[in-house]
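By letter and in written order, the chains are A, B and C; residue numbering begins at 1 in each of them.
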């Protein structure tokens, strides 16, 4: 501290600025009228959030359609809000050597309660197989409490084109280690054959067969897409139907559902 | 022809009056719908928001939707309310608000298209038209006061008491600022006042009166920053707290019509009424001051003032009640009164034969003298006490304090000297002991 | 000059209503209703003035009497809270009869005067109003009666000043402003007071009242969260009592033994004192 008198940090105004200082606020409001607005017009124009945004969870799959979740419950233990409930099951209990996930166990029951979830991402860090990740989906609201508990089929990543719906056997000659290393890149002919035998009506069969025959590229995981923007009429209609279903904002049917679970067919 | 009134109503009959009255009513009601949208939109833009944009193009139908909602809401009557007056109050408010536009000139004589029929674009006018406007405003307050009282509840009562005090105080300043216009125009009839502004609009020569009027008109209409009767932080909604549905809508309607009213009065008295602004008024030998054009100028000025209303609302904060009253009684009224005296003196000098040039020279000389005195006048001394306190006591009052402006911290004795290692170790030991 | 048809109609519509409102003033019990009656009469009068070619008088009647004087009356009525009907007991013996007698006398005088009056057409109105009504009025006031006007003005100013002087009180202490209050609060820090407002009383699962102290971050009850008056009166409830009452309630719900009487006893005002704060002795 010196003997210098107090000097404000902001620059001093000129004589005209001093004169107009009492009414300077009017200038602020007037000039603000010509600035672009900062409002996001949500249902009309859905703005994508930042890539890092913590949105709804997703249970991922391997390229052949098997689930990554092994039912280890580490996510549930990591959850500080106690929002996750997991029950594991043995793949050995499934008939005819079918697998839901590679390896010994799979997640039989998987629930996330979005009324409790605080979107901290600790479950993602806890997951050993990178089965659980977070999407950018922020449209999470619903009229009922029960509806806000998302089940496994709501959380599962949709089957990309060429993936074969689980359950089916693992790729022949592999263990979960190969899966984990990313060496499985597409369904194999044996898996397609198995599914054709057990579930001949499976809708994913044709695409998977095309991949096996080399007519289509190997499946890649689908990214989250924003649901289409809505005008007023659509928003009203959507709200009406939504509240009739079960209280989840995620559309349960048809085209708009980029991330609708695929294992529910 | 009415003596003392410029507008000529001699051709009018009761059908003309009826048509004009209906037109004014329709104009007011649609204007209110537009004004609500306008206000919300402008305030939103000032706050960098888009404002209403969902119903109709650019959200124009938003206020219509709100009105429909209010119509369909349940009409409640409070148990402790005084039923008759509770119902009467919003009616008084709206009724008095609707009366004012009867004497506002929208334009000069207009000819109805395809006929020879010519009539003033004004419902009526008489020698004391502006006083009549003040009277309507005075009666309109009864709506607020009685509404607040009859609700039988505390906050509305407080709101209405505030409103009474406010309107009585600000009406004085308003009346005084209007007096200077009467003096200059030599009339209290609205059409004559507009007629007197052919050369110059009164807001320039009567600038102080104009400023006082603008301030007091905001106080009179209970708008921000003077909306103390309905200050939601203190009084919930003030006098409207216990009102719902259509009765509430009436208060709302009255408030916006009153905004239009005072804006129209300001336009007529200070801003040249329906006269075209300067460069336009010279076009085509005053062609733009005849026929239907003036209505356009009048509306433009009216909405300019409405914009000022919204602008002020978007900029200023609500005053504290005592500041507000102090401002009204100790600043506005003395200024308005002083201005009337000054104006009276000038008029008297004019009557006594002093020419305008002499007057201007005298004013200029006086202004120069005043500026010189202000320039030479020594600056205000720093209060002696502050310098005396420059000795800084870091424990003034027994607890550590930062220096006040003008005080400086004493130079630290440890400044520039390194702390010896041993001393640090000692202090660590000490802290270990105390723990 | 005789009244036109419209004016006659206006009179016969307004006059009975005004008489009704005026007599309403006599019978109506609520003060505010009576004030509204007066207001109606005043506005009616103003309309009649305007109809009789005296627009200035009519408008001023509304501005001054209705707008200012009656408003002040109403203001006082509302502030004083004259809500219920006034008492009708007579304070002076025989007041009612004397009033009736005098009223009857006045009515007789008025009736006899009106009965003998002859109504001739108005004379000179047009000449007077030729330069407009307010100008003509101004000429009368400020030329013929200018001295009287000045005297009245001086009188009113004197009266206003007298009112100010009579109600003036000398300030005994220094003026209390927001700044002084703030300074005093800061200075009181030394005495152990807080700058911030006192903590609010406690909110518990079964109890949310002024008389129960809140719990501080250390779990101990904060005595000063209960209003001082309650503490002085000894009406404070201890937090432990409330918590105990809640526990008993839970027990009773789950088939426990305690009864309602016991519940009220434990929750009573004389609960056990809060446990001593763990002293500093345990810590070195």
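FYI, contacts are C-beta pairs under 8 Å (C-beta built on N, C-alpha and C of every residue); 3 or more make two chains touch, one makes a residue touch a chain.
As the structure is a prediction and not an experimental result, all values here were calculated from the model.
*Asks:* Which groups of chains are still linked by touch once chain A is set aside?
*Replies:* one piece
*Asks:* Centre of all protein Cα atoms: which chain's centre is nearest to it?
*Replies:* Of all chains shown, the one whose C-alpha centre lies nearest the global C-alpha mean is B.
*Asks:* Going by the average position of its CA atoms, which chain sits the greatest distance from chain C?
*Replies:* A
*Asks:* Calculate how many whole Å lie between the centre of chain A and the centre of chain B, each centre taken as the average of the chain's C-alpha atoms.
*Replies:* The separation of the two C-alpha centroids amounts to 54 Å.
*Asks:* Centroid of chain A to centroid of chain C, CA atoms only: how many Å?
*Replies:* 62
*Asks:* In whole angstrom, how far does the Cα centroid of chain B sit from the Cα centroid of chain C?
*Replies:* 26
*Asks:* Once bound in the complex, which stretches of chain B touch chain C?
*Replies:* Per the touch definition, chain B meets chain C at residues 3-4, 82, 84-85, 88, 126-128, 131-132, 134-135, 137-139, 141-142, 145-146, 149-150, 157, 160-161, 164-165, 167-168, 171, 187-188, 397-399, 435.
*Asks:* Which part of chain B faces chain A closely enough to touch in the complex?
*Replies:* 42, 45-50, 53-54, 311-312, 314-316, 403, 405, 408-409
*Asks:* Under the stated contact criterion, what part of chain C meets chain B in this complex?
*Replies:* Chain C residues touching chain B: 30, 32-33, 36, 39, 43, 46, 55-56, 59-60, 62-63, 66-68, 71-72, 74-75, 78-79, 129-135, 187, 189-190, 284.
*Asks:* Would you tell me which residues of chain A are touching chain B in their complex?
*Replies:* It is residues 1-3, 6, 25-26, 28-30, 32-33, 35-39, 41, 232 of chain A that touch chain B.
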